[in-house]
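Shared between the two complexes below is subunit A, which pairs with subunit B and subunit C, respectively.
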Partner chain A sequence: MLNYIATRVIQALVVLVLVSILVFLIMYLVPGDAVTVLAGPDPTPEVVDALRRKLGLDQPLPVQYVKWALAALQGDLGVSYIIGRPVSELIATRLPATLELAFAAILIASFFGIMVGIVAAQRQGTWVDGAITAANSFVLSIPNFWFGILGIITFAVWLGWLPSGGRKLFSEDPLNALQYLIMPAVALSLDSIAMIARLVRASVLDELSRDYVTVARAKGVGKNWLMRRHIARNAAIPVLTVLGLRFGQMLGGAVLIEAVFNWPGLGRLTVEAIKNRDVVLVQGTLMYFVVIYMAVNLLIDLSYGLFDPRVRSSAGGKV
Partner chain B sequence: MKPIPDILAVENLSVSFRTEDGLRHVVDGVSMSIKSGEAVAVVGESGSGKSVTMLAAMGLLPPTAIIKADAITLNGEDLVGATDTRLATLRGTEISMVFQNPMTSLNPTMRIGEQVSETIAVHDASVRQDTLNAIALRLLGETGMPNPELRVTQFPHEFSGGMRQRAVIAMALAGEPGIIIADEPTTALDVTVQAQIVGVIRDLQENHAVASVVITHDLGLVAELSERVIVMYAGRVVEETPVADLFDAPAHPYTRALLESRPSSTRDKARLASIPGLPPSSADAVSGCPFHPRCEHAIDICKTDRPTLARFSDTRAVACHRYEEILKIGADTSDAISLTQDRKAVGDVVLKIEDLTKSFGSVHAVNGVNLELRRGETLGLAGESGCGKSTLARLAMGLSTPTTGKIEVDGRQLSGLKGRALRDARRDIQMVFQDPTSSLDRRMTIGAIIAEPMQIAGWAPKRIAEKTAELIKSVGLADHYLNRRPSELSGGQRQRVGIARALALDPQVVLLDEPTSALDVSVQAQVVNLLDDLRSTSDAGYIFIAHDLGVLRHVSDRIAIMYLGKLVEIGPCEEVFAFPRHPYTRALLASIPADHPKDRTKGKFVVSGAPPNPANIPSGCSFRKRCPLADERCSAQVPELTDVSSSGHRVSCHYRDDLDRLATLATTGGQKPRPKITKSP
Partner chain C sequence: MDMLTYLWRHRGGRVGLILLTFVILFAAFAPLLTPYGPNEQIRGATLSGMSWAHPFGTDLLGRDIYTRTLFGARVSLFAGALSVVLGAFLGIFMGIMAGYLGGWADAVMMRLSDAISAFPAILLGAAVVAILGPGFVQVAIAIAIAQSPLFARLARALAMIEARQEYVEAAASMGASSGRIMLRHILPNAMGPLVVQASLSVGIAILLEAGLSFLGLGVQPPTPSWGQMLADSLRFIDIVPAYAIFPGLALTLVVVGINLIADAMRDRLDPNHVTGGGK
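Now for the complex of A and B:
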């Protein structure tokens, strides 16, 4: 198992270095660098040169990359030209809102996704299964933000039960904060519910057709026991992968949902940075997404070992 | 004495499945009963309905099955219409089952001990965890699991096939049921492990007051493990008889044909009596007797009137209009033609393998093998799974590069060849694969499959067409099959196509990798006979890889035994079978199920365990850890392959000439059939 962890961590580090190079190069791929933005209209060549020197842009690319990467490792992602504040500070102020939304959404998505998927699998071929499959396709074919808008119209404008947007802190008034959180979280989780439900259904049906299930039934194992003791663990493995991918995406900020609900998360920070050509901030948020995404997937990979003993021993060397 | 009560009785059971092509009748009016403590075998080929009958009795058929029965009685309780909850209560405690494939019948994410004791836990929540653990430990010990204390805490992937099957048997025993059904319990296992499992099942028959039903296609297993036999064909019971009578005086032509179609490891070589044709796809597809289209004794009445199962003695019943005549013929096979006479003499060396080694890291899959194959000769290659026989075949095909050593085909060195030269050389050596379904492209027609090697070789279309027609005829298929696709053919027919494809370019060497192991007995006989015919007309050399020593003895001129990447014994087939000199060869031969119940393997030398991890081979002789003759010399010194006779019989064992020692490893049993179990509950 230790070997397995070490291998996966090393793989993750290699990917991280490669991706960080790509992120760094973005600055040179987009037309117009920081200088064109900072120097204002029609700058003299002297001003441009001075700025380039000041920003270190006159040095060779590899040197610039190493400097940037070393600083990033220490948490210094540079200073936003436009806002004039450190990128890490900007990310830190937006992070709690994104974390809150992502955790809420993934909890809702796993709970309902798994429940609906199991129900569909157990009633395979019946009208219940058919209805669930149809509902899944419906949800997956319509973007989340549309459900967000529909929610605002129904629950905020029409019924007046929930606020239409914004965020309140749990530390101040938990109930009120929950009211603000619930609609964006549900809207963000909808397509994940549908996707996880589909996957759970397929995965459970796949396990149900296996020989060990017949063997368990021949021992006298009933439906509930079978699901709890035998199927759950085995069917969880493919579901985990998708849960991880989805959670990684959510932690990167939900651009459209944040816009619809006026949620002060990282998604909106990134969109603003792109609009303003705030390259340093774009780099910083991208690096954050990459690290978070990879960390979540690494954790998921490591958790396979908890569910599947074969992963533990095959990865740990010889049986 | 009171009559022994029935523990399980099925009356007029019919099962059909809903399929895309409509209803398929699989079981048609079957009645059978099993008495307490009785050992019964249900025999038939795939599709005969033997497993479905038993699964129906357990209520384990999928929802697509339509089940009709007058009664299914377990311990006097009628199960027809019983709720699923009630059935679940009975399963495990009154009736339990051992399944065919131990590699898939265990939950990969649950510890073995928990899976064994689950049978008890699921029925009685009050049993404490330490009691459950103790029971799991005891049961695994009873099935002969080595080191059960460690094993209960392990997961299935840490077990070999034989150990997994022991665990499955322990699970079936855990609820102390009155009857255990074993569905092909040894089919997926190596021959030595098969013999171990036969021993375990026999132990449970003798030491637990339990009735057993062994479902099998293997008449050897019937001879080993049953007192009474029920023969099924096309969803019906065709014969019911005590086991000795089945072998001595079969009453149904199908039973008789089954007996004659299996190759034997002890009888004289003779052409196998194959059953022509195939079983019907659905139980109601044939009018009259379902066997009449394949029956050499069929008369007019057989085509129109369906025979019913009729009792003709206290213990025997048969469903045949002509059983009295069949009984008179008996099981006599003395009129069979001897094969050895029309075999051609062998010619020059066509395949030469020298010091061949193939290593994967520290694992030597093939370890210093020397082998010569001559024209017109068939070399049988045997050994347990993982012994390197398939790797050897891949090397000989040039599909894999040897680590060291040389391969020469028809005087041409194979190793070192690249590109076009390698492709040309490969034409001389062709292979027939184990699984005829996955080795044929299902999108191509049969004609295209057979023609493909010739197209690649650049033959003219006219020549290809002629040769294709000739090939399809030579493997016993009609012309119109050329336009069909593999899915329209049966397993045996597909294997014929695989053989035709291998012979298309007139290869010098033909490798047959378990070509009959995926086929039913009667179909296997057809394919073996076909190979006999083809060999008598060609001068290629054949290597026949198989784990079934009966088949090998039947087809081979010489036989080679492999163990952990090395040849341990090689020599003329008759000589090796009559007087094996390596303890491992003796173990393999002793493991073959008996030809007749009077020859049960009981008391024979059954080797224990499974081959060691190939990455961690013991010093000296690699077989010593499993060998009862092993001593210090065997751990210190690697035995060399040495001649023991002038006929080319070579053995790598320090004690190859110590005949007294070897004699302690008996390869034949010769025990009397054991007395009937008279325990009543």
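Now for the complex of A and C:
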């Protein structure tokens, strides 16, 4: 098991270095660098030179990269030269909104996804199963930001039940905050519900066809007991994997949903930075997303042993 | 039995074919299906609701939304097709090199593909557009880069399977070069699952294009695109809700159609689902 962990961690580190090089190079690929922004219109060559020296842009590229990467490792992602504040501070102010939305969406997705999947599996071959399968395929093709817009038309414009966008703090007025959260969270969770329902249906059916289920049923074990004690546990592994991956993606900011609902999260911060050509901020947020996403992936891989004793024992050690 | 006949006999495939054919016909004959031009500003028709003259209403500049939805299909379909062709080309190149050559080529190509797929697709696309500048081809390239790892991983897995086959050994012993073996022997035999992956990717590519346009990073105005129309519609959602409904509906129908066809093709070409991590 230790060997497996070491290999996975080293692989992840190699990818991380590659990603950081790509992200660092954005600075040189995006037309118009920091100097042109900071120097203002028609700068003298002396001003430009001084600025280049001050920003360290006169040094060789590898030196600049190493300096940038070392600072990033210490949490210093630079200062946004458009907003004029440290990137890490900007990320920290937007993080709570993104976390809140991601948690809510994952909660909704797991609850409804698992429920719908189990119902479909228990009624396999009936019209209920057919309807659920068809609805799943349809839902997976709906762009979730359009679903969000339809939600605004229905619940904000026509019925007037929910606000059309923005965010309120739970610490101030929980009920009001929930009203703001519910539509973006549901819109964000929609495709995850379909994906999880599909997966749950397939895993439950797979488990139901196994010998141990037949034996247990023959010995008179109740259906519900069997479902709770055996089938649900075995079917949980792939579901947890997908939930974890989706959560990792959502922490990367639900860019489009945030744009639809004016949700002040990280996705919008990044898109604004890209539009303003705020290169330092773009680099910082991209690095943040990648690190989070890769960390979640790594954790999921390493946690297989926890959920599935076979992984643990075949590797011959503890997790 | 050829593919079209097969798709027509497949229940989902038939629905997909009908949907997609309709959209392609609408896109191709758009100028014949409407009296207006896509950028024509009609006097006195600003933000009008649905009417006989303007079935989907008009936008802020008095342009007919039905007309712009028709023309928007062109952007979506072209962007979807072009980006998948480019992405497949790039990914298959990387994957076959990695799978057949192994060793360093494998390590470099696969870590590069891991690095690309570590970015959220829409943000990677947005960053590439920031580098290349907005525009139709740039967006297609951005989406192609984001999609290339899927093809790379699948092509690698398939190339590794094929590389162990006797016919490859035979070709190599007869003096065929690596390039020839990869291009003439491995690629044709790995084509089935790759075509399925490509058909699945078209739907995702169309959604990505719409997403980038929605964020204002896609095809630039006044060229009509569905994503951009949806973004525009949000500003007037309480005056002309229809504006937000029809471009989104068109987008959904295209993606449903393409996904139905892709699923049907998977049943035919890839009975074992050899997909390399694709959903």
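Just so it is clear, the second predicted complex is superposed on the first by the 287 of 319 C-alpha atoms of A that agree within 3 Å, B and C clash if a C-alpha of one lies under 4 Å from a C-alpha of the other, contacts with A are read in each partner's own complex, and residues count from 1 in each chain.
Everything that follows uses one rule, which is that contacts are C-beta pairs under 8 Å (C-beta built on N, C-alpha and C of every residue); 3 or more make two chains touch, one makes a residue touch a chain.
Note that the structure is predicted; figures quoted are calculated from it, not measured.
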Is A:Asp211 contacted by the first partner subunit B, the second partner subunit C, both or neither?
first
Subunit B versus subunit C as contact partner of A:Gly220, first or second or both or neither
first
Touched partner set for A:Tyr293, first subunit B, second subunit C, both or neither
second
In the superposed arrangement, does A:Asn234 touch subunit B (first), subunit C (second), both or neither?
first
More subunit A residues touched by subunit B or by subunit C?
C
Mind listing the subunit B positions that touch subunit A in their complex?
58, 60, 84-85, 88-93, 96-97, 99, 101, 104-110, 118-119, 122-123, 155, 157-158, 168, 171-172, 174-175, 613, 615
Touching residues of subunit C toward subunit A in the complex: what are they?
12, 111-112, 114-115, 118-120, 122-123, 126-127, 129-131, 133, 203, 207, 210-211, 214-217, 230-231, 233-234, 237-238, 241, 244-245, 248, 251-252, 255-256, 259-260, 263, 279
Under the stated contact criterion, what part of subunit A meets subunit C in this complex?
11, 14-15, 18-19, 22, 26, 29-31, 137-138, 140-143, 145-146, 149-150, 152-153, 157-158, 164, 195, 249, 252-253, 255-256, 259-260, 267, 270-271, 274-275, 277, 282, 286, 289-290, 293-294
In the complex of these two chains, what residues of subunit A are touching subunit B?
210-212, 214-223, 225, 229-230, 233-234, 307-310, 313-314, 318-319
